[in-house]
Structures are given as C-alpha cells and as structure tokens.
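Both of the next two complexes hold chain A, though its partner changes from chain B to chain C.
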Partner chain A sequence: MKKPEEVSNPPCHLRPFKRSTSLAIWPNSPQADSGHLAFSNKDWRNMWPQIEWQACNSCSLCLLFCPEGAISWNANRLPIVQEDWCKGCGLCARECPKNLIAMIPQTHR
Partner chain B sequence: MKKISIKMLPDDEYFVGHKGCGGCGGSLILRWTLKALGERCHIVIPAGCMSAIGFIYPQMALGVNAMIAPFAATGAVLSGIAAVIRAKGLTDIPVVGFAGDGATADIGLQSLSGALDRREKIIYICYDNEAYMNTGIQRSSATPQGARTTTSPSGQTAFAGSKKDLLRIAAAHGIPYAATASVGHPADFLRKLDRARQIDGPSFLHVFAPCPTGWGCATDATTELGRSVVTTGLWPLLEWDHGKIRINQAPHSFAPLATYLAPQARFRGLEANQIEALAAERDRTWVALRAWERETTNSVLA
Partner chain C sequence: MASVEFLSGNEAVAQAVRLARPRVIAAYPITPQTTVVERLSEIVEAGELDAQFVHVESEHSALALLMGSAAMGARTFTATSSQGLLYMAECLYYASGGRWPLVMMNANRALALPWNIYGDQSDSLALISSGWIQAYAEDAQEALDMIIQAYAVAEDIEVRTPVLVNLDGFVLTHTYEAVSVPDQLEVDRFLPPPDLPEGYPGTFSMSKPQSLAITAGPGDYTVFKYQQHAAVMHSAAVIRSVGEKFHQHFGRGATGLIEGYRSEDAEFILITLGSVSGTVRQAIDELRRQGVAVGMLRLRYLRPFPTEELVEYLYSSTRTRHVQNIGVLEKDISFGHQGSVSLEVKSALYEYASRQGGAAVPVLNFVAGLGGQDISGEDVQNIFLELASSVNAANQSQQTLSAPGFSDVRFLGLEPFREENQHQDAA
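Our next item is the complex of A and B:
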C-alpha cells in the first residue's frame, strides 16, 4: 500500500485537523489527517468539468455546490478544478448560472 | 457570533476526501454544515453512508472532532457530549448529530426522543435519502409511497402508511426549534442552521438529500430534485419555532409531479392511479399543514 505522504495532494483550501501535541504519538499507524487523499478520485469519473473563464464573474456557486470541495480559486479568483479530487458528477455545470461549465468526456481532454 | 450565510462561508473545508458517490446529496449537506459551524464543532455520525465514506483508513475526511455512534444511539451520544461540554463550562462548541433517515426515523427514534427530552443544547440533522443506502437501498419508514427499493421492488409496500412525519414528531416533544430544508435551497438551509445553533436547547433539522445511486437519477440531478421536490409540494419547507409552525414557501399551485418523479428510476414503475394517489396524499398533507399553521399562530399559548 502507498503511504499517504507519497500521494500527490494538491491544496483545496483544506484545513487539516490540528492534532494536539499531547496526542502526537497517537494513533501509532499510517493514519492520514483530514484533507489528504490517500487515493486519487481520477478513476471515478468519465466526464470532466471544463470551465470557460472569459465570462466568469466569480459568483462562487460552482464552489458551493461541489460535494467534493474540488473547486478552488486561482490567483485571479477564477475557479479551478483539482484533478485528483473531482468525481465528474456535473453538479457545478448544472449550477453555474452563466452556463460556463461544459462536461466533456474524460477521454477527450 | 458571525451570521451564517452563503456569502459568509469560509474557504476552509472540513469534509473532503470522502468516498461518497458522485453527486451525493448527503455529503454536500455535511460539507456545508461543517463549513458553517467551523473547527470547534463536534460531530456524531451513526452507522450509515456518511460514516462509511468519511472515516476510511488511512484517511479521515472530517476536519473536526468526529465520532461514529452505534446505529441506534446518535441521540444518546449527543446528549453525553453536550453534558460534558456544559460541565466543563465550554460555550463555543456546537454539538451536531448527522444521521440518515434509517438511523433517525427507525432504529434511532427512541434515542432521539430521549435526547430531545433531556433538553441539552444539540443540533440533530437528519439527511434524508429515503432508504437505508449504505447497506443496499432497503426501504425505511421515510421511503415515500411508490418508490422502488431492494425490499420493495415494485414500489408497492406491504404498509399503506405514508412517509413518517419527523418534523411533527420532533415538534411534539415541545423542543424550541425544528425545521425542514433541502439541498436545493442552500440559503434557506444555512439560515435554519444559524437559527438552530443559537437555540438554547435541542434543535432538529430534516434535510432532503438525494442519492443518485439509490434513486437511479443522474449524478447532476441532486440539486434540481432538491428544488422540484419543493415546487411539487412533496417536501414543504417548514419551521417550528417556539410553538409556532411557519410554512416558508407556500406555492399557489404545485408543479406537475412528473417534474420530480420522471428523472428517478425508483418511480419508473408508477401507474397513473398511483401518481394520483400521491397527489391526493400531498393535498391532504397541505390541508393539515395549513390548519396546523392557523392553529399555532392563533393559539393563546403561542
């Protein structure tokens, strides 16, 4: 099994659980804290949300409605989807009020 | 205390890396709940999908103190945690239960009843996906009439009864606050969560949470179903606040039931007369609801 720390783990504005120092030796196992992905969700999806940035007004609804927390802001406050976290459900595309997100087949990316 | 609203939600995530199915309504509500309540929150999740997808070795999807309760014991565990927090004089820790419909309406009902009776400050959230999803889509007492499950394959159940009315059950305990909400209306849900966390005592939220896997709908239908279930009148948005019931959204006319039923495979076998029966049941519910609203707003006690 891969150790959690070897797995790519792009940031998603994650707020990992802050472990109390008195519990530093517990649990004595390769337990990963919250906010880590032991295994990528890449293989879960067959569609990918492609976001058209030109007309985006950063309304944040796509971020709100993603059950995975897979969308975050880039430096220009435009939404980016984290490759390893997205499951391709399409909710962000359904909820974008400007229809800027197209679900395209994963194989056509 | 900062008010909870969509705008005020922080970027921080406290429920990520879970293994819920794509488009899972329950996991979206849990994500919002923890974003809103923040890192001091202590959450109790009984056996069911959210514990199965949230606590997966070697990773923990929850970024707050979280605990799995025995299936029947969410209410009891919540009361215990709340009592300890009270005894220690802590006031900034929301104690939240997050349980499925099976864990709430069936096996955990007596435990919930006890917790509501003890009047500790807790927020009990039932995410209702209308069946026992984690063990393979078995019918629960919150499964609506006509819905196909693996234990009611034709959609016809041996029981003629309709969906168990959890809001009335909670309200009958005389608790200060109880409400229904839906994943299709996040602003309404967050407003109710905000109200619940300010209540000094138990509060109960019953939230509509579509399950694409169990319902046979598209993974991107979750939020749309969360709206059409309200416009068709099948899921009234209600608020029980200190003895008064308020209907938050009272449609003048209901949208055709097909807008809600057709996208879901679990309702595919319904005959026209069964759909009429569903509509009749809904109409009776609304008559009773309006009467309840009149009764409680005019009551001298309220």
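Our next item is the complex of A and C:
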C-alpha cells in the first residue's frame, strides 16, 4: 500500500473524440474511453475557483466534493484545479471549511 | 434428443428462452404476453434456468434494465405487447442506437382507443423505424425457432442490433399445437455462450473503462446513424446464414426473409405476415382446386425489409406466369394513408420499376383483423377473387380510388358501409 501522501493524482487529459473518415476506425457503438474530456470546459466556464494556499490544511474536502474530479494535489499536497475540467460550479468554494476558495469571474483571472 | 410438446405460442417462446439461457429477464405483465413471463418465472424458480428474473414497475424500466444488463455482457430477454411496447418506445430507440443485442417478444395487439385487448399488428408496425430487427412468426414452432435464431442474429458482431419477435395476440400466443423442443445440448451447440465475450462493443470492461451512451454532435450523429442503418441492412445476410445453420442443426425452418407458397406460377399473389398465413394457405389450396392461379408471399421479416427477395419472387426469370395483381393483407392502418406493410411493398416495387423502367404490378391493400377481427378462409378467398377480377377492371378501381371517404384500401367487414356510402354519393 502506498502512503496517502505518495498517491499521485495525475491531471486528466484532454483527448478530442477521434474522428475519422474511415468507418473502420469510427467507434462501433456510441461509446468512448473513460477518463478523457472531448472538449475543454474553459471556453464556456463563467467562474474560476481561486484557492488561497497559505491556510490550507489539505483536508481534501474540495477535492472530494468537486463533481468533475477537476482538483488534484500538487507535489506539496496542495489543491490545484485542472484548467480544462473545472466547470466553475463553485461547490469546492462552498465546501472548504476554511473559506479559502473564492469564485472569481473567469474573465478577471 | 428433441421432444415434441403440446404448447401455446407463448409457451413455445418461454421454452426457446429457457434454451437460450439468458442471464437476466425483466418484464412487466400485459395481456396477451403474460403467460410467456409467467412460464419463465416458474422455470427460473424451478432452477431450470440460471437467470435473474426482475419484476420491474413498468415496460420502460424493463428495457432500461436490460440495456444495463447487456452493457455488463449478459444475454437478456423481455416480452411485451401493445400499450406496453409503446410505453417502451423511448427505450427501443435507445437500445438500438446503443447497439445492444437484446431479444424481445411482442404479442401483437391493438392499440387504444377504443380499448381493445385483441390481436392486430398496429403496435409493432408503429415502431418499425425504431432500429430493431422485426420478425413475424406464423406458428408456435416458428416462434420457438425465431427466438433462438434471434440471439444469434442480434449478437453477431457485425449486427449488434436488437431483435423483436412478433406473435399475433391470442390467435398465436394462446393457441396450442405440437412443437418440437430441442434439448439444451443442441441449442448450446448452435448459440454462442450466454455471456458476451470480453471486449464486445457496447459492454463494460474492467481493463478498459469506457463511457457508454455518449453524446454526439450534429456531424458525428449522422455517422452513428449511418452505421446503425448499415448494420440493419447487413443483418439480412446474417438472418439468412443463421437460418441456414439452424436448418442444418435442427432440420427445419424457412431460411429467407420471405417464404413463398405456391407463388412460382401464381398470377394473383397475396403478401401477408404472421399467423393469418395459415388461413391464406388453405384458401390458396381451395382456389387452386378451382383453377385460379393464386399464391402467397409471407414476410417473415419487415426490418430489414427484403426488397431484393421480394423482387426475386415476383419477377424471377424462372416464373412460369407473370404476376397480374398483388394484394397486401395486414392487421394495421397508417391513418391518412394506407396499411404500413402495403407502403413497404409499394416502395420496393417502385424501386424495382424505376430501375427496370416499367410499370409496377398493381397492389391492392386489404386491412383486416383489426382489434381481433376474425379473418375467415372465405374472407381470404374473396380477397383473391377481388384481385383476380380487378385485373380487367382498371376503370373500376379508379372509381374506388376517387370515392370520397375511401382510398384504395379495403377494410374487411366494411363492405356494406361502402355500398351505402356510394349510394349517398350518387344521390
């Protein structure tokens, strides 16, 4: 068993839906590999969670509550938000017991 | 060794399902389907079939549950009828679009209103474009055989399309006949194992996680729908080869999507489907004794529509007589136009005629058996006689066409009403 602090939480990747003009390599059912995003959410997101790291005690709540799995740990076990995945819903800000997350307009970043 | 048993159509289906060994059965009871799932619940309870039998709260849930089961790689079964099939409608498209190889039996029954629990084909024909392969059984033996073959067709890797096997409500679902029931070993040799193989498209895999039932935008959607269409078109070849393989294994059954009866030298051909074909055979034998060259083409499958086979039957160079007139006998009306099956047949003939550059054979549409209306041997003989007499009476059929309130569709049992109507027009 790895110790919790060693568990890596690699950022998810954008992988556009594979289009082909050959039916032979077109998906043969409406299905696609999991763990990938076909389109980035950054172009339509209105708000962005800005995290104040200084007082963060790495309690994990933001990471666990994020419905998109957009939050992962950095090397110092501090929460970072994945640019392509966050949809700006603000759940993390709501759940942080220390109120360290501020939702700011995407355009003001 | 196969055993011969005295079974109703529904019981024959239940036996076929037992032999196909589905892992999951989900159903909601509705007349005249009920006895299929009743029998299956007994079979599961008795331990003769190792399946999860789920009593769901609706037909919609039944099909939704089976999609989930198929996504886990399980062979499945459900059955329904009439209002239940329509209640499932949303899931029918979902299942065919998701390409899950489900098999369902439908007891053909009339649609409300007026409320009516008796047989006709309005239910399945309303959903002919739902992406399911549609089969129509003539008798209990064929129902049993079609269900077993349906699994082989649906699960074929190139097809991956759900199959709906239709039995006429009551006339077929509830009448008894001697049925040859194969033994388990024979069916196991014929069908693939009841668990879809690892990596089968449309199923979950622990080693390669996938999101099923994804969204597709305007451009991509068309490609998925084209693939679906191509798969159903291709299924015609698979239906034939599965039928031939079945014939080799069990020594019986038609292999084509159409079955002809005394049609090679017939001038007047009745195209029909389902259990009424038995009555039509008898009427043909009787009229043949009187010297009228009549025959039948029975549509065993409506999707994929067997255009090529139909054309081959009607225009083959080996025919000894030309076809003069065609009738389409069906238990359905597409309100404001004509019977759905007649539309299918005419479309196929038009395609042939426009390719060959000639006139298509005239087609008369007979709508009969609505809401359980009896279709007697005499009725069918009269239909043939009308086909024979309208050859030399082109003007007459013109009149019928233009008569207000009546298109060229003949409704069985409305003849007195038509006469009254014509009198009123004349007055």
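Definition applied: the second predicted complex is superposed on the first by the 78 of 109 C-alpha atoms of A that agree within 3 Å, B and C clash if a C-alpha of one lies under 4 Å from a C-alpha of the other, contacts with A are read in each partner's own complex, and residues count from 1 in each chain.
As a working rule, a residue touches a chain if its C-beta (ideal position, glycine included) is under 8 Å from a C-beta of that chain, and two chains touch if they have at least 3 such contacts.
Since we're looking at a predicted model, the values are computed, not measured.
Of the two partner chains, chain B is the only one that A:64 touches; chain C does not reach it.
In the superposed model, more residues of chain A are touched by B than by the other of chain B and chain C.
Looking at the shared chain after the overlay, A:94 reaches chain B, while chain C stays out of its contact range. By the touch criterion defined above, A:37 lies against chain B but remains apart from chain C after alignment on the C-alpha atoms of chain A. When both complexes are overlaid on chain A, the residue A:85 reaches chain B alone and has no touch with chain C. In the superposition on chain A, the residues of chain A contacted by chain B and by chain C overlap at 17, 29-35. By the touch rule above, chain A contacts chain C in their complex via residues 17, 19, 23, 26-35. For chain A in complex with chain B, the residues that touch the partner chain are 4, 12-18, 29-38, 44-45, 60, 64-69, 72-73, 85, 87-91, 93-95, 103.
Residues 97-99, 160, 201-202, 208-214, 216, 220, 223-224, 227, 230 of chain C touch chain A in their complex. Against chain A, the residues of chain B that register as touching in their complex are 6, 9, 11-18, 20-25, 27-28, 31-32, 39, 56-64, 186, 212, 218-220, 222-224.
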